[in-house]
Each structure stands twice: as structure tokens, then as C-alpha cells.
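In what follows, a structure is listed as C-alpha cells, so that the remarks can point back to it.
Labels for the chains are A, B, C and D, by order of writing; each one numbers its residues from 1.
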């Protein structure tokens, strides 16, 4: 039982802020070197209290073991950017973060159509009141996967177990189309990467 | 001829900052009222000097008449959000901005596959050194249109007039798929809008 | 009586964001031109609900007539910067803001030691739900006045009418010293302004 | 000799961003717990290239050994906050940062009047291109010390070795007055700390 939610969530909020800055820096570095960046943008959030409670109840686990109270989302332009981001995070394993588990929902997409690469990490924050080690979930997706997942998430939240079959079908169809958009972009990935570097070099004064 | 580019661009930079804040506020208001927001996010930029010069040269016009030195991009989840955003901007015509021209590239998409709704406005900034009226271009697009347009823009920039026909064809194909993704999402738009409101209401403590 | 505080406060929040951006731009412009800026920094806040209610009750007025629900604070390095900021705001009167009243607590400092220049304005925001005209209070102060005022504000809040005379005396003494610090800096104001311009020019690559 | 300054400065820029977020979090945590925060605000900057070159030349050292290419400034309301901040940083020694040296210019103020507490640290950044360990300088000061130091810094920069004796004298006098302002505030420090907590508790809805 959590007595003081504000106090409990502080280290998670701090972890989200630090991890966001760390990954935003990665993009900035590539672009400052006029190189194509595998990271298009990074967002982060602390899970809403009601969602935390609902998840702990649904999975019948302790609050502290919920893996995505602190969540980071790294969005890429192309599917082929994702392995590069995963590689970068693996290179930091044991340093400023520790990889607990990787879940590849791109190779093994969920039945709903959901696709994403998840990395659960353990991260140490140095708070005003001492050191704390927390779990965080990093989701790596393409823009198209992210668009679909954002839409699907709220529809799922609203209906829970009771989503009409027709709606599930439509969501699976749009997941298909999102996947096709990613494939089309992949076909011209080298042209994309090279052109974006050319753009950065030529347009810098 | 621009003698001092830093001085010339100051009012455009200020306009971009002010317009970004104005449109970001719109999204915040809808969400603070637990209502679906037609604006997903807003970005803005001042055109790079090299691009301004190239455009003035290409169109054989004065620098000051370039309409998109100050650019705002409003991104929507659904195609049906776009008319709502256009309506909101029309309601401000004559107040804190003045509409000069509207260009509907959604109904009349460009041959390349480009789709977007453009509104050219005139905007007054009160600078440290006096009042200045500048032109700005507001582009309103869906997430999918924006993804495609960002990719196409740098490829276009790299090749100029000389884009290989095969590449143009691939870009047109991906524009098609992006359009289909928008259609799929439109089919379930009411479910999307309602679910996102339910999510905001239920998860607020 | 306010039925929905979130809804009531939205236009005030938007006004604070827009005014902050407008005044931050002023500083940026001076510095981009390598000129001394009379504005050192700008902050803004919406008054806390409990403070709004307390003030309306204390002054026996309608909530809507409270002038500082939206508050902007412009901080200057030197006392002599303040008239320049006031002048800039007067130049915008009737344009994007309307001056309702000016209160000079620098020439006429309060008995407590409080010094600041207040300008009450009327400002129009274009919200998602329509146009709204709201009151806002702009406070212009030096760094030293601001430091003192921040300290005094919370002590005053805690004690209300019942501040021990000894504490009032100490606050008046520190207001004196803050004033002396401003005077010392004023004696070398030309050296300060010139040196900061030199620094900006020489250190830009 | 630095061949590519953009590349050289990247890890320093990243370190500044990460350290700023880490210390801003500390303030947020105290205030979220409705407790007085010893940190009033945190800023950071990467030293300008011209200043780095000038310092390396003046001290006749390698660029890489300059300790303040990455600089963090932690500003406190009261002198007595400074030891608390120093203690917090010492508690992190060997964890996410390594203390190289501490320099107490508060107990041992400089002849010019300069007062500040400096901590030189070594910090590891995980960049897009690999791990890098860099030096950074954390300066801890009161608002009054910071105001004085900012003014003195640009005047010093302008005149270099050739500052007129009269100007040096005026700066020493204003350092005296800044110190007196800090003393006056210290006399009522318990009232300040307690009142700010009361303010946060009572005004939270």
C-alpha cells in the first residue's frame, strides 16, 4: 500500500526527466555532426496513479514491481533505426543503466497489431533524500507504429475486455496499413538517410 | 539585399515563438477540459538563410515577400481535425492575425503526393525596436501527411530538379499508403475521439 | 462564485504563457544585436486558487476583478532599466495590450520596504472556446528588489496581520540594504552596460 | 589543437544538460514534499570557444584540462543553504559523478570581492559515439553573490588587467553590500524557511 503517492512517484519523475535528456542528447549529437539520427524524438511520462493501481490489481502484483511507472518512448523514422537504438542502449548496460529484459514486439507483434521494441531497465536516481533504484520501460517504435499505438491505447482503455470484434478488426487493419507505410519508407531508406545529411550540410551557414 | 540577417530575422523568430505558444495553448485547453483536441502538436521554425536566398532566387522575388520565413506546423491525428483548426484560425482573422491566403493541398494534393492545408497570415510583432508586420505560413497536416512530407522534403532538397523517376514513383506510392492510413483511422474517428476523452476523465485523480 | 476553476483559469494561463514569450523575446532581441538588455529575465504565474479566494474575500470584491490572477514579473539588473521597460510597455498600449493603471512603488515604496513598478493591463486571449479579455499585473523590479520581495511575501503570508514588530523591522532593514546594493550598482551602470556589450561582441565567433 | 570544435564540445553540452536536470530535480523534490529547498534555481552553460582559447592561452595549458568548459551554477537564497548543497554533491561522489577538487571562495573570498563555492567534478557522458569522461565546474552561490559576480565578470572581461583602480574599489564596495544583504537575510533564516513551507502547504489545493 502506498501511503504518500507524491513521495513514491518522485524518483520515477526524476528518472523520466534524466532519461529524456540523455536520449534527446543522442539525436542532437548526430545532427550537430550533420549525420542522420536514428532517434527522431523522445518523450517520457510517469504512469497516472489510477493506471498504476489498475495494473497492480489486474496483474495481482506489488506496486513497486510495475515496470512502466517510468516510461520513455523513443520514436524513429524508419524500422531500421530501431536496432541502432537498441544497440546504443545495450552499450550502456552496466554503466548508467542496467538492462533487465528486452521484449521484441516488432518481430513478434501482438495479436492486436501492436508493434514496438521494449527494454526494461533498472536506473539509479540520486534524489534530495537519498539514492533510489527504480524500474523503467523504454519503448522504441517508428512514427507509424507510435501513431497506431496511441490510438489503440485509448480505445483499449475505454473498452477493456469488451472491445467490439468489429473495432478490433479495424484496428488490426490500420496496423497493417501502418506497417505497409513503414515498408514503403524502408525501400527508400538509403535515399532518406543520405538526403537528410545533405540537407543539414548544405543548409548550414 | 539583406545587410544584417540577424537583425532581419528577429521579428520572424519572435513571431514563431508567439504563434507556437498560441497554438500549443489551444491543445492544452481542450485537454484541460477533458475534451478531444484537434491539435496533436505544434512546431515552428524560421527558414534557414540559405533556403530563403535559394527560394528568392528561384522565384525571382524580394526576400521580404517570401511567405514562409516564419513557419508554423500544426499536426492533427485525424483528417477531420483539419477543418476544425482552419475554422479556429478563421475566427481570429482581423484580431491577432490577418489571413492573406488559404491553399488547400488536401483536396488538391500536389503531383508529388504532398498533402497539407496552408494558411498564409500577416502577423504583427512588438519588438524591442518597434512594431513590425511579417508574413507567416501555417501548415496543417495529419501525422501521416507530416511523416511523408518531412521525408519527401529532404529528398527533394537533395535532388532538386533531378530526382530520379523511380524515386518520385516510390514517394507517390508511400503518399498513397499514408493516405490509406489516414482513411483507416477516419473510419473509427468517433471511437477515437470518445475513447480519448474517456481516458482523460477516468484517469484524472 | 466560480463553478469550474479549471475552466475559469484557462484564459489566465494562456495569457501568462503568451506574455512570458513576448517579454522573453525582447531580451533575446537586444542580446542578438549584442546590445545591453534592460530585461534580465521574465517569469509568470497564475495565482493559486486559495490565494485568489483569500484576496477576493479580504478586499470584498468579485473574483473576476482581482487584477493579479495572471502575473508577469520582469526582472532588471539596474534600477535605471525599469523606466525603459515601462516605456516599451507604454508603446504597446492599445495594440496587443491595454494599460489600465500604473502604480509606482519605487518612487513611493510601501511601508514594509516593498519596491516594484506595477502595470495593470487588459489582455485579449483567443482560446479554443472563444475570445476572452482578462486583467493581468506586470511587476517590474531589480534583482535585489525581487529577492527581498520573494522573502517578504512568504513571511507576510505566514503571519498575515500578526507579524512580530521585530521581524517587520528586520525586513525593513534588509530592504534598506537591498536598496543600497542597487545604488552601488547604479554608480557603475555605464561601465556595466558597456562591458556586457563588449563581452557579447568579443565572445561571439 | 582542436580540429573540430562542434565535435569537441558535444560531450560538454550533454553533460551540462544532464547535470542541470539532475539539480533542478532536487529543488522540485523538496518543494513537492512542501519542504524548503536549499536550491533556488540551477543554470548551466558551455564556455564560449573564444573564452576557452583565451583561458588555455593565459594559463598555458591544454584545452582538455580547462575545468569549466562545462559549467553548472546552483543559486541559493541563503548562505546557509550552500553547505547543504555541498553535502548533497559529496554524497554522490563516486556514484554518478566524481569530486576532483573543492574551492571555498566563501570563507576565502577573492581580493576582488568574489564569493562562491566551487566543486570541480569528473562526469561520464554516454554519447552517440561512445563514452567520454569530462571535467565540469559547479559553482554554488547566493542570489546576491551571483548578481555581483555576473556584473563583475563582464567588467573584468572588458578591462582585463587594466581595470581602473576606482572601478575595482566600487566593485569591492558593492561586494560588501551584497554580503551585508546576505547577512540580513541570514538573521531571519528560520523565519524564511518556515514561512516558505507554510506557504506551500496552505496554498496547495
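Keep in mind that, in the parts below, a residue touches a chain if its C-beta (ideal position, glycine included) is under 8 Å from a C-beta of that chain, and two chains touch if they have at least 3 such contacts.
If you're wondering where the values come from, they're calculated on a predicted model, not measured in any experiment.
Novice: Pick from A-D, C-D or A-B: which pair repeats the contacts of B-C, with over half of them the same residue pairs?
Specialist: Looking at which residue pairs coincide with B-C, the repeat is A-D.
Novice: Would you mind pulling out the distance in Å between where the CA atoms of chain A average out and where those of chain D do?
Specialist: Chain A and chain D have C-alpha centres separated by 34 Å.
Novice: As a quick test, compute the distance in whole Å between the mean CA positions of chain B and chain D.
Specialist: That pair's centroid distance is 40 Å.
Novice: Report the inter-centroid distance (CA atoms only) between chain C and chain D in whole Å.
Specialist: So the centroids are 26 Å from each other.
Novice: Which label fits the chain touch graph of this model best, line, ring, star, complete or other?
Specialist: Shape of the chain contacts: a ring, since each chain touches exactly two and the loop closes.
Novice: Touching chain B in the complex: which residues of chain C?
Specialist: 6-7, 10, 13-14, 17-18, 21-22, 24-26, 28-30, 32-33, 37, 88, 91-92, 95-96, 124-129, 131
Novice: Show which residues of chain A lie in contact with chain B when the two form their complex.
Specialist: Listed in rising order, the residues are 48-51, 77, 143-144, 147, 150-151, 153-155, 157-159, 167, 170-171, 173-174, 177-178, 180-181, 184-185, 187-188, 191-192, 194-196, 198-199, 202-205.
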